[in-house]
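One chain, chain A, appears in both complexes that follow, with chain B as partner in the first and chain C in the second.
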Partner chain A sequence: MTSVLKIRDLTLGFRKGRQTAQVLHGISMHVNAGEKVALVGESGSGKSVTAQLALGRLQQERGTLTSGEIEVVGHDLIRHPEAMAPERGHRVTMIFQDPTSALNPVFRIGEIFTEVLRSGGRKVTAAEARDRALKALAEVHIPDPARALDSYPFQLSGGMNQRVMIAMALANEPELLLADEPGTALDVTVQAQTLRLMDDLVTEKGTSVLFISHNLSVVREFADRVYVIYRGNIVEHGRTDQLFANPRHPYTRALLSAAPKLIGGGLPDLPEHSDAFRDPLIVHPGCGEPHEVSA
Partner chain B sequence: MSAKSSSVAWTEFRSNPISILGLILVVFCIALALFADVITPYPEHVGPIGDFTAINQAPSAAHWFGTDTIGRDLLTRIIYGFRLSLLMAVLVLSISMPVGVILGLLAGYLGGWVEFVLMRLTDIFLAIPPLVLAMAIMGFLPATLTNAMLAVTVMWWPWYTRLVYNVVRSEAREGYVLAAEVIGASSPHVMFREILPNCAPAVLTKLTLDIGFVVLMVSSLSFLGLGVQPPTPDLGSMVADGAKYMPDAWWLSIFPALAIMVLVLGFNLLGDGLREAFDAEV
Partner chain C sequence: MSPVLRLLLQRLAISVLVLIGVSILIFFIARIVPGDPARIALGPNASQAQIDALREARHLNDPIVVQYGWFIRDLLHGDLGTSLYTKRPVAQDVATYFPATLELVLYAGAMMILLGLPLGRLAARFQRRWPDHVARLLSVIAVCTPAFVWGVILQLTFAYIWPIFPLEGRLSNGIDAPPLITGFYTIDALLNGQISTFFNAVYHLILPATALALSGIGQTARLTRSSMIETYRRPFIGMSRAYGFREDRISRRFAFWPSLIPTLTILGLDFATMLANAFLVERVFVWPGLSRYGVEVIMRKDLDAIVGVVLVIAAMFLITNLVVDLIVSIINPRIRLAERKAKA
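Showing the complex of A and B:
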């Protein structure tokens, strides 16, 4: 099995003046071809920076210190982050939290779509772009694709914009889709619909997904495998069914008990930090990292 | 900034009678300036030659606004003064606006030392009162039309830099900027194709307001004798020249002053109307 995304002992720190803030403390993870993997954790745990590193963006900023390995669609992004530039928008794409703000209000959907299809300097004629955009919008069940293409983003609802974002992210047939809390800005029913739609499409196209979220119920529906991240360390790794049936790390248990329930009481009292949350990584049977298995 | 389609903005603009008054005044002044050669009763009075048989005449049917000290028709010279004022305003802004906008985009988007250098430079310019700065520049340049324009241009760009910088700083946090960067867009593409169109409402509104202010500034320089030199008809120098004959020949100063007021008021009302219509943050 080949991995589209492979991260090994990755550390990340931000240097400001003489001080360094360590954000990731040596995390390892992988996403195989056609697999849907979730990275779950609270705000500030290092989820989004991991996605930015996988896009090769963060490494190029000044004051960023990285070590370890990141390999995305065959590129070594620690040594050559610039190799990612032509792949972005093609072999690797991304979906964002707030679909409406991710679409520039001064352009029509059709114009933005053309830009996406032309990203990385690919030559696509206007007619061809429109044709592909129409097909892509029909795939995400947009009722009148031609009308949507001629609309401005603020004329469409949030749910429609999210479908447009999904269509755009999948239009160039990427190998890896990074979904950074998709649809968190939408209401739950719309979020559920669009996520199911995204699930169907990526399964059909065999796209690998790294799904970044703090929402456990969404992850449970969507992901094949789950990594739980706490303060820059992966604390638990397992298949979705294993992890939800038998959470073994104290932090995962705390996270699960914090999910709101339909029946019974308010939120439990959770310690914000607990020494137990720093327990070593727990890996469920059959899950390990590729290099550990072969070694 | 909220995104609004232009038709919504127009409906809002139209419903405000004050904005419409501004629009009418502006169109009126521009029309006078454009067709000055046809409209004016005595086009030959633009130059230094007047009619010495009719000096210092009070307003009459032949000379609606009276005549000046060498017998030139004041109405004619005021209409040509509109032409010069508007032309100067357009020239000054067509240089200072693009320069200011580009520097604001660079400072706001690139950040770092580019931001530091550009914004501190802007602060230095903004810290000096505009008229004082323009007078200082004119102090060591010969008082000509070109130099007056140059002086006003030099002190005008920082306002656009500051305005665009602030808009860019808030727009750069929008998701579409990240989305463009993630699909591999270059910095120039993000700045000019993605962010710049979102700055347009603010910049256009400020531009309209500024035409009035530039007219005022240029007239002030001429009033002080630092701008346009005679015999070119200029509203500011006409007010200055006439002031010597107050209150007997009151029309010499009052009519050019009223003309400046009408022009500036028109553009200000129009600009205010646009600002409300676009919700622009000027």
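Showing the complex of A and C:
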């Protein structure tokens, strides 16, 4: 089985003056081809930075310190993060929390879409770009794709913008889709609708997904495997059925027992943090990292 | 009616009100200031009878409110009154001197935009790296030094010590002004096919326009930089990068246009401020613009001329604002499409 995303003992620190704030403490994870993997944890636990590292962006910024390994669609992103430049928007794409703020307010959807299709220096004529964009928008069930292309993001509803975002994310047929809390800014029904749409499309196309989420019930419905992250450490890893049927790490248990009280299944703010949350990683049977299996 | 047109008409109506307000203000202020304009105009040797006659002819003995009534009546006939100093209609004087000032200011404005925007854009793109440091240093120096000081510095350096540019004036001696069409020597020369006159006019414009533009360039660069840095933090730029848009394209297009919207209004004001700064720069470069006329008529308490000059400058401010509003509404789709969205 090939992995489109492979992370091993990855650490990340931000240097501020003389001090370094350590954000990731040696996490390992992988996403196989065609697999949907969730990364769940409280806000600030290091989910978004993991996605930014997978895009090769964060390690190119000043003041970030990384160690370990991160390999995305075959590129070693610790040593050669610049190798991701032509892959972004093509082999690896991303969907965001709030589609409306992720789309440039002074450009038409069509102009942004064309840029997406041309990113990485690819030659696409205007007519070809429009054609492909129209097809992509039809695929996400936008009623009038031509009108959507001629609209500005603020003229469309949040749900429509999220469909546009999904269309852009899938238009170049990526191998890996990074979905960072997709649509959490939208209202619950619209969020559920667009997630289901995304789910259908990635399943149909066999796109791998790293699904970052706050929402346990969505994770349960959507993901094949789940990593639970707590303050920069992976604490539990298992197939979705295993993890929800038999949560073993104290942190996961605390999350799951608090969650049902919440409408929509959003991740609860745990009122108290117990020392047991720092217990070592628990891996469910059959779920290890690839390098451990082969070693 | 299109939203842009409606906005324009609204602003135009407001502008007319503002002009009326300014005219009242300056009309009364000019008259309250001590000194008898008739006595100044006729000189120390004039007899009391002559002075009285002039005062009578100019309605200066009427109550001030009645005088304003006369003024408005004339204004409605397109008559700004007559200068006591040049003895010519004020409108004609303004038409003579103002194009020189306007030409200078427009060239300076073009420099402000063409140099200030890219400088700010580059500073933002290379934030906290050397292009940023250089741009910021230059901007601060440019902003902190008044335009007339720049005028003196440039004149000393590039016209006196190292004489590559002319010291003063609009054209070299021996070159005739092109036939009057717009009053802008560069444009009139081109319209007449007088290429050498055109280059001579440009040659004379460079130093005063630069002096006038420098603080505007610095101000524009600083504003553009900070606005773009703010834009760079917005999620849609994160999206652009996640999707592999080239950093250069982001800087020129995707971060630039959203950043321009909030800065344009201030840039418009900076541009209009150059009209005021032009007065001193014109003095330095002996530029035959409105400034010399303006200063002269103020010293002489030349009532109609003062009001005329102030009104022209106020009108320029308002026109600038109007143009800026128009540009903003074209760049910002939220304004341009406001109505269409409401209907949809």
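The criterion applied here is as follows: the second predicted complex is superposed on the first by the 283 of 295 C-alpha atoms of A that agree within 3 Å, B and C clash if a C-alpha of one lies under 4 Å from a C-alpha of the other, contacts with A are read in each partner's own complex, and residues count from 1 in each chain.
Methods note: contacts are C-beta pairs under 8 Å (C-beta built on N, C-alpha and C of every residue); 3 or more make two chains touch, one makes a residue touch a chain.
Small disclaimer: the values here were computed from a predicted structure and weren't measured.
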| item | value |
| --- | --- |
| Overlay on chain A: chain C relative to chain B, clash or fit | clash |
| Chain B versus chain C as contact partner of A:R220, first or second or both or neither | neither |
| Touching partner for A:R239 - first (chain B), second (chain C), both, neither | neither |
| Partner chain(s) touched by A:R248 [first = chain B, second = chain C, both, neither] | neither |
| Touching partner for A:A102 - first (chain B), second (chain C), both, neither | both |
| Those residues of chain A which chain B touches in one complex and chain C touches in the other | 55, 57, 85-86, 88-89, 93-94, 96-98, 101-107, 115-116, 119-120, 152, 154 |
| Chain B to chain A touching residues, read off their complex | 3, 5, 174-176, 178-185, 194, 197-198, 200 |
| Residues of chain A touching chain C in the complex | 55, 57, 85-90, 93-94, 96-98, 101-107, 115-116, 119-121, 152, 154-155, 168, 178 |
| Parts of chain A lying in touch with chain B, wherever the complex brings them together | 55, 57, 85-86, 88-89, 93-94, 96-107, 115-116, 119-120, 152-154 |
| Chain C to chain A touching residues, read off their complex | 234-236, 238-246, 249, 254, 257-258, 261, 331-334, 337, 341, 344 |
